[in-house]
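Labels for the chains are A, B and C, by order of writing; each one numbers its residues from 1.
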Amino acid sequence: MESVNPILEFNKTCVSYTKQTMAVKYVSAAIDRNTITAIMGPSGCGKSTLLRAVNLMHNLYPNIRVDGEILLNGENILSMEPIDVRRRVGMVFQRPAPFPTMSIYDNVLSGYALNGIKLSKTEKDATVERCLKSVALWDEVKDVLNKKGTFLSGGQQQRLCIARALAMKPDVLLMDEPTSALDPIATAHIEELMQELQKEVTILIVTHNMGQAMRISSKSMFMYLGELVEYGDTATMFSNPTDERTKAYLTGKMG
Amino acid sequence: MTTSKTKNRLVKDKAMLWVVCLFAALTAVPLFAILGEVLFRGYDQLSWSFFTEPTPTAYKAMKAIEAGEPIPGGIANGIIGTMIMLGMAVVVAVPTGILCGAFLAENPKNRFAQIVSYLTDLLQGTPSVIIGIVTYIWVVVPMKGYSAIAGSVALFIMMLPLIIRSTEETLKILPQSLKEAGLALGGNRARVMLKVQLPAAFGGIFTGVLLAISRVIGETAPLMFTALGCSFIRFAIDKPISAVPLLIWEFFNDPNLQELIWGASLFLLLFVLTLNLTAKYLAKKWNQ
Amino acid sequence: MNDKLYRILLFAAALIMPIVCGGVVYALVTDAYEAFEHFGFFKFLTSSEWSYTEGAEQYGALPFITGTLMTTLLALIFCIPFSLPVALFVGEYFKDTKVAAVLSTVTDLLAGIPSIIYGLWGFYTLRPLIMALNISPQGSGVLTASLVLAIMIVPYAASLSAEFIKMVPNDLKEGAYSLGATRAEVIRKIVFPIAGSGIFSSYILAIGRALGETMTVTMLIGNTNNIPDSITSTGNSMASIIANQFGEASDLRFSSLIAIGLVLFLITAVINMIGKMMIKRARIS
């Protein structure tokens, strides 16, 4: 896939847990700016592993190694400081997990607090309002900003976690099955939100829900056994997959 | 591109790791310092006679020191006293503790069981010196004298909560299906407890008993007021009797016998640590 | 054996706890009564006189209450810089690794060493060191006792704290890392606030241990019946005065010692109860 000015590029990216088992094998792909790209595939295909590698999450676990290149705006993040990379790459996890000891307000600003960045009161207020508005949570929580984030519903909690990631103004937002723990209504809410968000941030989302991929993404990747089998326009891939394995997966013949 | 702020944070991160490792390592120092000192000063006293002969009198020890000879005698009276008192305490504490622990495991919601559970915590947290004075009031005063019986009562009270807790906890983590399967096969509750649950819990309970023994075997304060001590080998349970920790205390206070401190301490320390390690090893093995 | 008999047997065995605990309280209260009656409850607790001159006997518990509080508090202060790193080492940095298991075994063994051997080590190794460093001329005293006491309670505080540090959900830690935090920042801003109440309660239980520790303190505190006027001076704790004088005491002095025992028993019971309650609450949340 050619891309004029990609924000993120995988170049023969490999992730291995031990010497023998490779979870992600030689993935090469370029991700366009301000798009939503869905990564699909049966469980265990390496889609989450690939996503987590972009945030250098593998650095937290001594046994995992990543080879090849992952370029963010042309720079290889694998040779950069993880704490710098992670500020530019936001991540939303499967289960919503706002920090239980912090208020809603502090949760949004937690990235700054964790990184030891001091903000003025006006900057803080502005950031909280901006981020909560971008996740469409502002109207619901503006009067209870000092309450703990854990009192919110699951969908609200997940939106709070998205706001927390957005507060750092990331270039890329990684979402690891962000709606799998939510009910259909909350899911629809988040999907709607993502459509809005792609104006300000490039989104890479792992999903096992084909409908979701079809609804929200412009490009899709299909991974199988660690390999990137197919990558292209979502509409084309769903209507006319080129690979037999993609076809089998999309028609439900593969777990 | 790494800014100086990032560098600063990374340095702090590294520093914290090193501080944690350093202080964690320092914590191990006392163990090896104590083991080393006791081993170094005590190993040449350990001989056959050290375990078979009773404590020498202060006069004999003084004579030996004057003559430049090693102090004669050993700690046989202490070892035998410890064994007698511990044996009596274990024989009573193990069945009582297991039954009481079984009661707690069988009736977790029962009000009385909750009180018993609370009292078990209370007794476990009670300083051993208080167990000592209470046993003195209970046993030594009415019997009009210090005795092995009094000493074993004190040890019994200290072991009891430990055995109750380990029994209760082991029984509680057994799969519920085990009990249900036993009951489904037509066993009544007593049978299921005796033939199914307790055998399955044997490992945990046995480990608990070993740990309880290792916890009380070095106790000194409660024995000072109950067993008192005795300078010769004695098997009578209604008379004052010695114990290894009591001997260490006596040696500590008697300038003529100070030489013997280290041999006795080495014996006690090795015994306790071996029991501890064995219990830990068995617990691990049985958990697999 | 039928079910009914079985239940009765278990119930009978469980009765031992109320009997023993009731007996402990009863024995302490009846034998402490004389001292409290003679001196007055509050007078006894606040008097610092301890003299057994016949005819002018005067007993007050204040020096020993002070001694106990001083040794315990100092031991706690000395214990934290070691137990917290051990807890982080075992529960966070090297969680579930071989080195962590080794360190846990080391602390378990430290917890297993009898207190009389700690006392010997303190007396023959630490005391000369304190004298050599010119910290105090006689070597023994509150400070020496507290230092050894600190080593003795490190294992209890560390293993419980580690348990709570281990329980901090990985979700939250990964969430914090994904925002660009370093490990030190995650520990300070995520792990500590979440595990905080559990860590705090483990120190309460460690205090409960230190309060009643007898032989170590008896061998190292210097055994003088005054209120320690500095941390290097000598004194006595509640446990050590009992250990020292119980064997030779009778009548009013005996009763006064039992009264001190009762006070010690109540203090430890309350501290342990608070600690256990906090632990339970921290485990649930």
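We take it that a residue touches a chain if its C-beta (ideal position, glycine included) is under 8 Å from a C-beta of that chain, and two chains touch if they have at least 3 such contacts.
What you see is a predicted model; the values in this text were computed from it and never measured.
Visitor: Edges wherever two chains touch, nodes for the chains themselves; is that graph a line, a ring, a star, complete, or other here?
Guide: complete
Visitor: Is the C-beta contact count larger for B-C or for A-B?
Guide: Answer to which pair has more contacts is B-C.
Visitor: When you average C-alpha coordinates per chain, which one falls nearest the overall C-alpha average? Tell me, please.
Guide: Chain nearest the centroid of all protein C-alpha atoms: C.
Visitor: Between subunit A and subunit C, what's the gap in Å when you average each chain's C-alpha atoms?
Guide: That gives a centre separation of 50 Å.
Visitor: Roughly how far is subunit B from subunit C, centre to centre by C-alpha average, rounded to an integer in Å?
Guide: 17
Visitor: Please tell me the distance, in whole Å, between the geometric centres of subunit A and subunit B computed from their C-alpha atoms.
Guide: Whole-Å distance between the two chain centres: 55.
Visitor: Mark out which residues of subunit C touch at least two other chains, giving numbers and ranges.
Guide: 182, 185
Visitor: What positions in subunit A touch 2 or more of the other chains?
Guide: Counting only residues that touch two or more other chains, subunit A contributes 83-84, 115-116.
Visitor: Quick check on subunit B: which residues sit in contact with 2+ other chains?
Guide: 9-10
Visitor: Please give the residue numbers of subunit C that touch subunit A in the complex, ascending.
Guide: On the subunit C side, the touching residues are 169, 171-172, 174-182, 185-186, 189-190, 193-194.
Visitor: Enumerate the contact residues on subunit A facing subunit C in the complex.
Guide: Within the complex, subunit A touches subunit C at residues 55, 57, 60, 83-87, 90-91, 93, 95, 97, 99-102, 110-111, 113-116, 161, 164-165, 168.
Visitor: Any idea which subunit C residues touch subunit B in the complex?
Guide: 1-3, 5-7, 9-14, 16-18, 20-21, 23-24, 27-28, 31, 81-86, 88-90, 93, 103, 105-110, 112-121, 123-125, 151, 154, 158, 182-185, 187, 208, 211-215, 218-219, 239, 242-243, 246-247, 257-258, 261, 264-265, 268-269, 272-273, 276
Visitor: If we count contacts the way the header does, which residues on subunit B are in touch with subunit A in the complex?
Guide: Going through subunit B, the ones touching subunit A are 1-3, 6, 9-10.
Visitor: Considering the complex alone, what residue numbers of subunit A touch subunit B?
Guide: Residues in contact with subunit B: 80-81, 83-84, 115-116.
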